[in-house]
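Presented sequentially are two complexes of chain A, the first with chain B as partner and the second with chain C.
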Partner chain A sequence: MKKIIAVHSYKGGTGKTSLSTNLAATFVRNGKKVCLMDLDFRAPSLHAIFKKQNLDYWLNDYLNGVCEINKVLIDATNNNGNGGKLLVGLANPSTEAIRDMTAKDRKWEMKALGRLLALRSALLNDGNFDYIIFDTSPGLQYSSINAIVAADIVLVVTSLDASDINGSQRMTSELYDLFEKKTGILINKVIVDYLKSKEEQKKFTKKMKDIHNLPILATIPCFCEVLRAAGNFIFTEERPDHPFTETLEDLAEKVEKF
Partner chain B sequence: MAAYRKIEGKSTQILEKIRENLEQLNEKIDVMIEIQKHGQRELPENLPEALDVMTLLSLPDHLRKTAVTLCKLEKATADEVSEQTKRARAVESGYLNQLVVMGYMKKEREGRKAYFYVDRET
Partner chain C sequence: MGEKAAITKSIFQREFLSVLIIVVNAFSWYFPLYILFQNALEQFQLDSTLLLTAFGIQAVAAIGFAIIGTTLLKKFPRRDLFLTVWMFIGIIVSVLLITLETFNVAYLLSVSFLSGFSLGLGFPSCLAYFGDHTKVENRGLLAGITFFASGLAILLIGLIINFSTLVTGALILAAWRGIGLLLFLLVKSKKDYPQEKQFEAPYKAVLFDKSFLLYFIPWTLFCAVNFLGVPIEINLFGEELGSLMPIGEYGVGGFVALIGGWFADTVGRKRIIIVGFVMLGIGFAVLGLFPGDVLSWYLYIIVDGIAWGIFSLMFYLVIWSELAGNRTKEKYYMLGVLPFLTASYIQILFTPFAGSVEASSAFSLASFFLFIAVLPLLYAPETMPEKKIELKRLQKFAEDAKKAKEKYERKMEK
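Entry: the complex of A and B
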C-alpha cells in the first residue's frame, strides 16, 4: 500500500537521516518506487549524501511556489535490476536559504502545508510512487509538524538517552496522538550487549514498548562500521550482507505492513 | 398513472426544498451559537486567521479532526468531510460552520451545495 512516511525525533543526532536514506534504499532494492525528501531546512543533509551542490531548484522553491515538484526531484537510482527507483528532493544548504526559511511567517507555513499535502496526489497517485519519505527536522518546529500532518505514518527515532526518551514520550501525547497519527518507534544506537541473544533482544523490546506505549518497529545496534561510513555512502547499498542491512530489511517489511 | 407520477415528482421536489431550507436554518443557528459563545469580534472580516499547524494543535480535539480533514480535501461539503471522519453530517456541518465563524475557513455556495475551504491565498 502506498504511504507517506515522516521520520522524526525529539532530539538531533538520533540517526534520522541515516535511517531515512537506508530505509529508502532498502525499499528500492525490493523493487519499490521511492521519493526521499529532506525537510530539515535548518540543517540540510541529503545534498551531502547524494553529493549535489549547485541545483536549479530545491525543495525550498517548491514550497515557495516557484516551481512544481518534478523540477526538484533528482534520480538517484543505483542500477539494481529490480525495477526499483529512488528520487530525491533536496533542501538548499546555503546560509541565505536557511536564513530565509527560518524567517517564514504563519501564512507561509499554512501554504507550505498545502504544498506538502498536494504531494500525495502528484506523486502517489499520478507519479505512481510507492513511498514518500520525509526526513524531518527534530523537535516541535513548523517544517516537521507540517510533515507529520501530511504523512500517513510517523517513525520516531530515539536513542536510549533519558532526555530523548522523555521528549519522545511527550511528543507522542502532545503531537502524534493529537493528529491521530499511526506511530512506530525505532530505537537507534542500542548498546550491542542489550541484544546479545534473541531472548535478551525480546526482553529489551518489551521494556521499550512499555516505556513508549507504542509499537517498536526496530532496535538497531550501534555498529562501528556504520559510524565509520560517516554518511559518505548509503551503507545498505555498499554492504548488503551486513547485520545493519538485515535490520533495515526487517524494518522495511514491518513498515509495509504497518 | 402519468398524473400519479407527476404528483409524486412534485411532492419529492417539495420535500427536497424543505430539507434544503432546514439545513440552511441549521447552519444559521450554528453560526449564531458560535457568535454568542465567542462574540462578534471573532468574525472573519475583523480577525483573519491562518490555519497553520500550530493553530491546528491549539484547537479542541473535535474541531481539529474536522479542520485537518478539510486541509487534506482542500475544498469539500459537510457530507464529504463526514465520509472521512465517520461522524454524522449534521455534526460536521456544525463544526465546519464554527470554524468559518472563527475565521479559519471560508464557505461558498455552488447551487444547492455549501463548500468549505481553507483560503491560503489572501
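Entry: the complex of A and C
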C-alpha cells in the first residue's frame, strides 16, 4: 500500500536523516519507487549526502508556490536492477534560504500544508510512487507538524539519552494524540551490550515500549562503521551484508505492514 | 490530548469544583452582605462621622485579619479546616446582621468589625487555595469561569437581597454561606497543597520582589483611579445611569473574564492586562474630552466593564499565585487584595468631596495615571512560561492543520 512516512525526532542528531535515507534506499532495493524529501529547512542535510549544491529549484520553491514538484525532484537511483527508483527533493542549504524559512508565519505554513497534501495525488497517485519519506525538522515547530499531519505513518527516532527519551515522551503525549496517527518508535544508537541476546533484546524493547507507550519498530545498535561513514554515502547501498542493513530491511518490512 | 478535551477534563475535576465552590461562595456571600450592611446603615440616616467610623472599622478589620489570617493558618493542621472555620464564622456573622434591626451604636460597630473580620480572615487563603489547585496552563480560563460564576451568583443573591427585609436578607446570606460550606466539605480536594514543597516568604521579601512590584504598582494605581473616579462618575452620569455601572462591571466584566481567561492562557497574562489598561485609559480620555456627551458615558461603562473583567480575573485570582512560584501563596494574595480593600474605603472618604472636582480634569488625570500604570507592566515578567504559550500555539496550529487535511481529503473524494 502506498504511504507517506514522516521521520521525526525530539532532538537533533538522533540519526533521523541517516535512517530516512537508508530506509528509502532499502525500499528501493526491494523494487519500490520512493521519493525522499528534506523538510528540515532549518538545518538541511540531504544535499550533502546526495552531493547536490547548485540546483535550479529546491523544495523551498515548491512550498513557496514558485514551481511544481517535478521541477524539484532529482533522480538519485543507484541502479541495482531491481526496478526500484529513488527521487529526492532537497531543501536549500543557503543561509538566506534558511533565514527565510525560519521567518515564515502561520499563514504561510498553512499554505505549505496544502502543498504537502497535494503531493499525495501528484506523486502517490499520478506519479505511481510507493512511498514518500519526509525527513522533518526535530522538535515541535510548524514545519514538522505539517509533515506529520500530511503523513500516514510517523516514525519517531530517539536515542538513549535521558533528555531525548523524556522529550520524545513529552512530545508524543502532548501533541501526537492530536494527530491520531500511526506512530512507531525507532531507538537508534543503542549500546550493543543491551542487545547481546534475544532475551535481552526482548527485555530492552519491552522497557522502551513501557516508557513510550508506542510500538517499538526497531532497536538499532550503534555501529562504528555507520558513524565512520559520516553521511558520505548511503550505508545500506555500500554494505548490503552489514547487520545495520539487515536491521533496516527488517524495519522496512515492519513499516510496510504497519 | 486535544486542547478542548484537556479543558473539559480540568473543569470537571473534583479539585476545580472545590475551588469553584469556595471562591464563588466567598464573593457572592460577601458583596451582597456588604450591600445589606450599607442598606441597613442608610435607613438609620447616620451622621457622616459615624458612617465613616463604621466603614473604617470594617475596612481595618478586613485588612488586619487578612494579615492575622495568614499567620493563624499555620496553627491549623490543614488549610481546608481553616477555611471551614472561616466559612462557619461567615454564617454566624450573617445571622448577627439581624441585630442591626434596632439602632444601637455598639451593635453597629460590632457588626462592622465582625463583617470585616469574617471576610479578611480567610480571604487570602481562599484565593491561595484557588492558585494551589489550578495549573498554569489553564489557570486563566478557570479563573474566568470562577469569576463569571461569581458575577452571576452576586447578581442573583444581590437581587434577592434587594427585595428582602434585613432579617430575611441576613438569613438568606447565612443559608447561602452554609450551602457553600456544605458543598465545600462534600467535594473538597484530598490534596490540601500541591505535591511540590512550598517555602515561607516573609512580607518584606514579597514587597521587595521586583516582579511583584511591577504588577502591584499598576494594580494599585488602577484601584485608586477607579474607586476615586466612581463618585465623580455618579455625579456626572446621574444616579440612574450610575446604578448601571455595577451591572457593567459584573455583567460585561463576567463575560469578558470568561473570554479574557482563555486569551490569558493563549497569549500570556501580561499582554491581556496591558490591553485592559489601554482600553480603560482610552475610556477615561474620551470621558475627559467629552464629559457632557452621553455616548462617551456609555463607552466608558463598557470599557470599565471590560477592564474590570480582565483585572478581577488577573489580579484577584491569577497573577499572585504565579509570582509566588514555589513559595506559599497566602502573603502574595493578601498583599494583592490590599489595594482593592483600601481603595474601596478611600472611595467612601472621598465621596463627599466629589462634587467639588471638575469632571473633565479629573478624567484626563485618571487617563494619564492609567497610561503611567502601563509603564511598570512593560518591564514586568510574563508569568505564564513562554514554552507553555508556544506549546498552546503549536497545539492550535496542529488542530487547524488536522482540520485542513480532513477538508482537503473530503474535497479530493468528491
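Keep in mind that, in the parts below, the second predicted complex is superposed on the first by the 258 of 258 C-alpha atoms of A that agree within 3 Å, B and C clash if a C-alpha of one lies under 4 Å from a C-alpha of the other, contacts with A are read in each partner's own complex, and residues count from 1 in each chain.
To be clear about the criterion, contacts are C-beta pairs under 8 Å (C-beta built on N, C-alpha and C of every residue); 3 or more make two chains touch, one makes a residue touch a chain.
Just so we're clear, the structure is a prediction, and the values are computed from it rather than from any experiment.
Enquirer: Taking chain A as the common reference for superposition, should the pair chain B and chain C be classed as clashing or as fitting?
Expert: Here the two partners, once superposed via chain A, clash with each other.
Enquirer: Looking at A:117, would you say it contacts chain B, chain C, both, or neither? Reply first, second, both or neither.
Expert: Touch partners of A:117: chain B and chain C.
Enquirer: A:68 contacts which: chain B (first), chain C (second), both, neither?
Expert: A:68 contacts neither chain B nor chain C.
Enquirer: Just to be sure I read the superposition right, which of the two partners does A:106 touch: chain B = first, chain C = second, or both, or neither?
Expert: A:106 contacts both chain B and chain C.
Enquirer: Touching A:238 in the superposition: chain B (first), chain C (second), both, neither?
Expert: neither
Enquirer: Specify the partner with more touching residues on chain A, choosing between chain B and chain C.
Expert: Touching more of chain A: C.
Enquirer: A:145 in the overlay: touching chain B, chain C, both, or neither? Say first, second, both or neither.
Expert: both
Enquirer: If both complexes are laid over each other on chain A, which piece of chain B (3-11, 39-47 or 57-65) hits chain C?
Expert: 57-65
Enquirer: What part of chain A is shared between its chain B contacts and its chain C contacts?
Expert: 106, 109-110, 113-114, 117, 142, 145-146, 149, 175, 178-180
Enquirer: With touch defined as at the start, can you tell me which chain C residues reach chain A in the complex?
Expert: That would be residues 1-2, 391, 394-395, 397-402, 404-405, 408, 412 of chain C.
Enquirer: Can you list the residues on chain A that touch chain B in the complex?
Expert: Contact set of chain A toward chain B: 106-107, 109-111, 113-114, 117, 142, 145-146, 149, 175, 178-180.
Enquirer: Considering only the defined contacts, which chain B positions touch chain A in the complex?
Expert: For chain B paired with chain A, touching residues are 50-57, 61, 64-65, 68, 71-72, 74, 118, 120.
Enquirer: Give every residue of chain A touching chain C within the complex, in rising order.
Expert: So the residues of chain A touching chain C come out as 106, 109-110, 113-114, 117, 121, 140-142, 145-146, 149-150, 173-175, 177-180.
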